[in-house]
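Dropping the structures in below, format is structure tokens.
After this come two complexes, each holding chain A, first together with chain B and then together with chain C.
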Partner chain A sequence: MSEIIAAIDEGAANDFLDTVVAGLGPQSTSGSSSLGPFAVSYSVSGTLSNGTVDLIPPGTIRIADLRLDWSASATLSLDLGDFLPEIHIPQVCIDIPCVGTVCTPRIDITWPTVSVPVSFGDFVRATVDLGLSVTLVGGVWKVEGIVQGVPSLAFGPGTAAIVAGIGLAVAAAVAWVPLIGPFLAGLAIAVTAAIGIAGLTGWLGPIITPFISGTRFPVYEQPEWFEVLPATSAIDPAVSVHIDAVGAEVQHNAPEDELVLSADISA
Partner chain B sequence: MSDHFDSRALRQTDCYGQRFMKPGTYAYAIGHAGTAALAQDHPYVVVVEGDSPKRGEMAQTLVTVHAEGKAFVPDAPKVTVNAGDMVMWHCPDPHARPFAVSGEKDFFSSDRLVNESGYSHAFTCTGTYEWADAHGSGAKGVVRVSTPDSSSDKGIRSWQSQQRQGVLVMVTDGQAEPAEVDVVLGQTVFFAIVAGPGISITDTAVIEAERPVPGIAFYRKPTRGKDAVA
Partner chain C sequence: MSLTDTSEVFVSVEESALNDLVTALCTARPHLLSYGSPAFVPVSDVADTQMPPILFPGTGGIQWHVRFSVPHLDLYDEDTPLPPQLSLGPGQFSVSTKVQICVDCPKDRRDPTDEPHDPHGDHGGDHPNEPNDPRWDDKPGKAQNPVCTAIELYAVGHLVGTTLDGQPALGFAVDAVELVDVMPDDLESVLECLIGQMLRAVLTTIRVPVSALRVGAFTLTPTVGPLIDTDRVLARGNL
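What follows is the complex of A and B.
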């Protein structure tokens, strides 16, 4: 029988993890990859907010609807020639009175490669299972909940709007390109189709999944030497106990499940 | 987006045409816009043969200019034409820097267009463009470029047909006729200089940009017109 036992029920665990998740702060990453047919450099940040905690004996804390609010800034490298037809300004012949006919040459238009900055954001939800981990590191006992496995992210309905928004952003960003005016609407459609919702989620998923998978939620932290009575004078020193072992598990103590921490101590 | 055009600085969408009325050999250089007139070497030639030109029987020779490193090189260093024919210069490279054609003879320069010369520009951006002679002759005009109807096949075909129809503006002693023209995107305007002291066809936005900035000592001063500097 452990000398010290502490337990919290699911309600308290919810409140507790609210605080823990809020304390994790934003996470960010950056890099370069491909989004559909585009080369893209990006920076993405995300902030977690707690979902609903379900304690599952013997060792699982399940958080349903864990929410990740994310925002991304990306620069797409877009070769307009991949999307737009080859065009040219035709030869033009003009009759000049009393002189004759003068003709200009045909002019081939080369579509440029452009960089288009886009910013967008949304949220995803995921249900994650935390496994309990107890470690003694550097004289400190740590109990953590660690996300197990790779969660499946549920993208919100705003993802389609993001794809459409990227198409419009591209169209707006290339408005300076000579002769592109009549092609802008078609370009937006082409870009949107080329990326697609699956393309966006397929690109974004691997980037933001690490914000959740492997995340360690601190549950309890305590130095192995635990002062129970402070020193009162030179001849009456502080009294400490040593925490020999710490245990963490989820127990079913009718009528509810509890997260139970236990400690063995010695003087 | 705006389409800043300037006959003194030829780009992919521009052409410079010069008609040669008298037999002879006319040497010229091709250089960066603004400095071509300072060229001491004129390595290329237009040889003009035959007698006086026949009215209405003008032939045309196209000289394609290529940017090679810092230099501009014509596809043929020597062209031979008959008196009264026109030679037209054009650089198809969209990445080439603006250039100018500068002959040894005063009449032969894209920087200052005189009698029997011309400048064409294909407008690739919509908008209203005011142009003027940057050398101050007072010649000026307006080109309005509209968006074509690209919402239907019929509209696109109509647009493509319009692009094949050039618009002529004739400039005579500082007067453009017509002074204002309406075109669609991609359409070409040919400015024919019938008579003049040596003018440019320059977007007024470009002229504005060339106005002196306080503290900057060197700038191009107009030598003619109301803003002329003695």
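What follows is the complex of A and C.
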């Protein structure tokens, strides 16, 4: 039996993880990939907020509705020719008496490739199961909750609006292109269709999933030489004890499920 | 029953761990257990606390030194046998320690030709120090002729909630004291009164922060305890 036991019930675990998750701070990543038919470079950041904690013996902390608020800034590389009809005005020749044959030039409009910056954001929810990991590394005891498996993300209701918003943003960004005016409305629709909700979530999922699956939730962290009292003067030096062992588990102690940490110490 | 019961947080500390905490405190800050006048303790330092001599006419002040060994705690129920005069009830702890009391008896007041104090010399029965016991470092300082005795001491007491630097802490209060092998009885009573007061005073300086009871796990604002359960201290409260 361990010398020291500290336990919290499920309600306290919920409050405790509120604090833990709030302390994690924002995460961010950047890179380049494809969004639908477009090449895109992006930077994405996300911040977690706690859900509802369910302690499951012998070693699982389930967090339902863990929420990730994310925002993305991306630059789409867009070849307008992929969306707009080619315009060819053929050469027209007429014979003019006393002048001869006069021809208009052949006109071919080639739509440019443009870069369009867009920004958007929303949230996702996921239910994650955390396993408990106990380590002693570099003289520091750590108990952490580590996400088991790859969580399934539930995107928020704003995802469809984001796709439409990207289409409109693209249309607005290319309004300067000569002769494009009659095609702008169609362009927005075409871009929206090309990306699609599934395309957006399929692009975002692999980017923001690590924000959740790669997070280690700190439950306990103390140096193995635990400071009982700090030094307060030359004759009152710091007082420390050695933490010899640390354990962590979820116990069912009727009627409660409890998160239990245990430790052995020596002077 | 759940550990937390109707509270959010539960903490328990076995008596072995509590003794480790007290030992760590007394080892790092031995001056908490050692008090003496300038002949024995020239200056307060990490090892000793300097106190005034005992004023008495014609003596120039009686030089003295009192040092307790690191106390050993036994939480109810009784694992460490106690003298028959003491009993350990529910909610109580017992403490066993040894107290060394020294006074300086300057020989030059009796015979100025005597040699100065030799701490390693043969002092016969006047110096029942224990030179082979590392806890009993005969530290005469400027004392000319220290005369010492060591007495085994037992006490029972109860825990008290207190604070340390504004944080909740565990304190120790003495209910009864018993000396071992002191005769006659009225001398024992006098010494028990005297040493009991010293022990009470010493134990008020030994406080263990609640944060140490949980070695930094979670947070705890106690609403129940700290109190003594069987062979352990427990507390419940909120985050």
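A few remarks follow.
In this section, the second predicted complex is superposed on the first by the 236 of 267 C-alpha atoms of A that agree within 3 Å, B and C clash if a C-alpha of one lies under 4 Å from a C-alpha of the other, contacts with A are read in each partner's own complex, and residues count from 1 in each chain.
In the analysis below, a residue touches a chain if its C-beta (ideal position, glycine included) is under 8 Å from a C-beta of that chain, and two chains touch if they have at least 3 such contacts.
Just so you know, these numbers come straight off a predicted model, no measurement behind them.
Of the two partners, chain B and chain C, it is C that touches more residues of chain A. In the superposition on chain A, A:A22 makes contact with neither chain B nor chain C. Residue contacts after overlaying the shared chain place A:A154 against neither chain B nor chain C. Contacts of A:A6 after superposition on the shared chain: chain C is touched, whereas chain B is not.
By the touch criterion stated above, A:I56 is placed in contact with neither chain B nor chain C. In the overlay built on the shared chain, the residue A:P105 is in contact with chain B alone; chain C does not reach it.
Of the two partner chains placed around the shared chain by superposition, chain B is the only one that A:F183 touches, whereas chain C remains out of contact. After overlaying the two complexes on the shared chain, residue contacts for A:A64 are found with neither chain B nor chain C. Chain contact summary for the complex, chain A toward chain C: residues 1-9, 11-12, 15-16, 220, 222, 226, 228-229, 232, 234-241, 243, 251, 253-256, 258, 260-261, 263-267. The part of chain A that touches chain B in the complex is made up of residues 89-105, 107-110, 175-179, 181-183, 185.
On the side of chain C, the complex with chain A involves touching residues 1-4, 7-14, 16-17, 19-21, 23-25, 27-29, 31, 44-46, 164-165, 208-209, 212-218, 220, 238-239.
Residues of chain B that touch chain A in their complex: 1, 3, 12-13, 15, 17, 19, 55-58, 60, 62, 64, 86, 88, 90, 92, 94, 116, 118, 120, 122, 124-126, 147-148, 150, 156, 159-160, 163-168, 170, 185-186, 188, 190, 192.
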